[in-house]
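In this document, chain identifiers A, B and C correspond to the written order of the chains, with residue numbering beginning at 1 in each.
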Amino acid sequence: MLNPQLNKNGELKHLLTIEGLPTSIVTHILDTASSFVSVSDRDVKKVPLMRGKSVFNLFFENSTRTRTTFEIASKRLSADVINLNISASSASKGESLLDTIDNLSAMYADMFVVRHAQSGAPYLIAKHLTETRQDHVHVVNAGDGRHAHPTQGLLDMYTIRHYKKDFSNLTVAIVGDILHSRVARSDIHGLTTLGVPEVRAIAPRTLLPGCLEQMGVRVFTDMNEGLKGVDVIIMLRLQNERMNGALLPSAQAFFKSYGLTPERLALAKPDAIVMHPGPINRGVEIDSAVADGSQAVILPQVTFGIAVRMAVMSILAGN
Amino acid sequence: MLNPQLNKNGELKHLLTIEGLPTSIVTHILDTASSFVSVSDRDVKKVPLMRGKSVFNLFFENSTRTRTTFEIASKRLSADVINLNISASSASKGESLLDTIDNLSAMYADMFVVRHAQSGAPYLIAKHLTETRQDHVHVVNAGDGRHAHPTQGLLDMYTIRHYKKDFSNLTVAIVGDILHSRVARSDIHGLTTLGVPEVRAIAPRTLLPGCLEQMGVRVFTDMNEGLKGVDVIIMLRLQNERMNGALLPSAQAFFKSYGLTPERLALAKPDAIVMHPGPINRGVEIDSAVADGSQAVILPQVTFGIAVRMAVMSILAGN
Amino acid sequence: MLNPQLNKNGELKHLLTIEGLPTSIVTHILDTASSFVSVSDRDVKKVPLMRGKSVFNLFFENSTRTRTTFEIASKRLSADVINLNISASSASKGESLLDTIDNLSAMYADMFVVRHAQSGAPYLIAKHLTETRQDHVHVVNAGDGRHAHPTQGLLDMYTIRHYKKDFSNLTVAIVGDILHSRVARSDIHGLTTLGVPEVRAIAPRTLLPGCLEQMGVRVFTDMNEGLKGVDVIIMLRLQNERMNGALLPSAQAFFKSYGLTPERLALAKPDAIVMHPGPINRGVEIDSAVADGSQAVILPQVTFGIAVRMAVMSILAGN
């Protein structure tokens, strides 16, 4: 079977996951993003690349932050943006997901940015659009269940490349609730695709999925050991709703074993960078001294995220 | 009394209902919409007809789908759109409807797109604007109570004209909950105005309003009989909230008597088209085999709906 | 300490409060607004002054009306507007206010329009932006707690200047719930700054703050006495949630003592104007005969409000 993200010429048609993307496409996205970083710095932050195109933000799961980044990226590309909080709309009237998609598509949509609590929903939508020959619509996965969050993964790759230049000699540690994290999964695929020789996962046994070794990831349950000599630390957000559940004793206990403190950070390379997809829980997964410290690149991640989303959207719209 | 929708030159000032509109105005709207269908097909889907105009979507009753179509239509006309979910705002602060209107009008609004649960609310607003000489603001009724949904009616007329070319020899059947349906009322006025010789209403007795014969409509309670030889079938949505109520036994029972199945569709003319205002309830008022079949034009209705709304808005803004 | 609203050249950097603003800056805002009043009258109501700039409406407290005026003002300046209802977003995920600000600022925001239930929140944000050298972002206070609502104050000053030309011989009465009113506070500072010789506060003792005399305000508990010979009457809105509480007997009793009736209005100068920030409570703080009468300038206030907000935003963006 062909990669459902690519068209017949091997160009990106949808962005559903980083898994299986050719390295050349990942690199092309990062290179394109690089040109947009300077756009955001200009006085007039707009380029006309998507003028007259209609982007639908389809958020079946609420996420103001992610929706906002796509809204800004769309507007800077001069697209028209329609925000749809679907849980409050047709879904409640009993309309099926694919009927909703067909309807919006019939309004001459050009792009669907989809956030959904169910893993695979964006893939289902892309597949349906292909089967029904609605080829004018592109799908961007803005996070689906535990599966993937490819634009977050790509902005993380952009950030690492920005600070470390070369992926070929890096050691990268991902720390926290890896089991439930679509960000972790997308980061692992991104790092692997770009040739990072050592990817580490650091988490309590209860928050580790089974498949990590097959993905070429070294697993650590001891954080001090896992952080030794790393170039990049990617902290994951601990979801409030999962704290004090069966898998975790408490936020305090988690911080004691897996919170990133200045002492622990000192175990990494001196020039290691600290990343986090946000929003951060100060004192739960990360100490304020680290979050606000000189090695943290959490806010640059946000800035690069706009440029990366502009890159993905303009590449899709152009193909 | 003058038609409150027309200005002194007999041009469209507000769109409140299809009832009483001159045929020439209805035809002018459909002809204008025709030019916008091609706009939506172009790469840059914008025309500058309403640049700098402010359109307020005043949805006193929630409807993401209808609001979205007006938002898209406005943006393709280059207007600025302000979405106001009024139930969540001033209305809850005890401000009267007309005080809200005066306030928004004082912000130099150019157009109010009004959806309201009360029949007559858009008419009340239009009347108030005239009486207070706020003649710069145009009103579009986006559905009021059980009264009218004129843009839906017009897009249905557009769809019928697109597929059938001529209205003068058609038989059109409207099926379902006609009693509560503003769509049915607007369709009947549209069909009558455009000279359709035979309009049929098919519904259980409990869902039929009293006035149909006076409107020149033939009433059928037996669906098989009503569908015989028709050119166009307009299915109505069965509102979830009305199922299992006093007027209806159950969704299953309704489908058994009034659901559109392939067998029933075969009673109509072989080239009959099947329409539905959406969102559809598969297996309640329509069988999936029909909804997804070759005679269904439900998705083209959506596409034409954007063009028809662009036509209405640009005509109002120009008069 | 320097005025946190001004940059090193003494130009307006943030608009947090009218208190302490140089008269020249207040006058400059009113003069600039004057040029925008005519923009709103034109056929194409847009000027390109903020093209490509990103304005974030950060409403931590819901206010559709105020948010709408800023949204319209932004769009007429050709800015991109992002509406964020923060209570529904990150705040609920436990992110701190300043982390949210840092994140949005990292998206290359140009302006934050902030409404917050806590007095001082916009000041806190402005201070943080300065301390963290995020000098590209400007803050506009759209109402904070009981503290200030400077754009309402400025539009009130604009309205008074429009009708009375000169501030130097006016008597202005502010009537109602002064204790809880940020509008009253901003109006008093505006009137004082512009040289109004007599500002009066009229309210029951329970709704009068302690500091009024120090601000140079004459206090009246008898409305008939307080209205005698005034040029301008500014009625305040009585918040529904405060009625029938400990401070007020009932809406009816309030209206009996402090409602503005035609009889009471007759005590003011014959050409006195009646203002109200809206939304009005007919029959609670103001009689319909007055609200709809020839001396009321409540709707012109709304119109001028758009121009004043355009003025503030374009001045900030230009400095």
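In the analysis below, a residue touches a chain if its C-beta (ideal position, glycine included) is under 8 Å from a C-beta of that chain, and two chains touch if they have at least 3 such contacts.
As the structure is a computational prediction, the values presented were derived from the model and not from experiment.
Visitor: Quote the value, from 0 to 180 degrees and to the nearest 5, of the angle by which the CA atoms of subunit B must be rotated to coincide with those of subunit C.
Guide: 120
Visitor: Report same or different for the subunit A and subunit C interface, where same means the shared residue numbers exceed half of all residue numbers found there.
Guide: Different, since most residue numbers here occur in only one copy.
Visitor: How big is the gap, in whole Å, between where the Cα atoms of subunit A centre and where those of subunit C centre?
Guide: The computed centroid separation for subunit A versus subunit C comes out at 41 Å.
Visitor: Which positions in subunit B are in touch with at least two other chains?
Guide: Where subunit B is concerned, no single residue meets two or more other chains.
Visitor: Under the touch definition given earlier, write down the residues of subunit C that touch subunit B in their complex.
Guide: Its residues touching subunit B are 40-46, 62, 64-65, 68-69, 71-72, 75-76, 240, 278-282, 299-300, 302-303, 305-306.
Visitor: For the complex, which residues does subunit B have touching subunit C?
Guide: 51-54, 80, 82, 84-86, 88-90, 93-96, 99-100, 102-108
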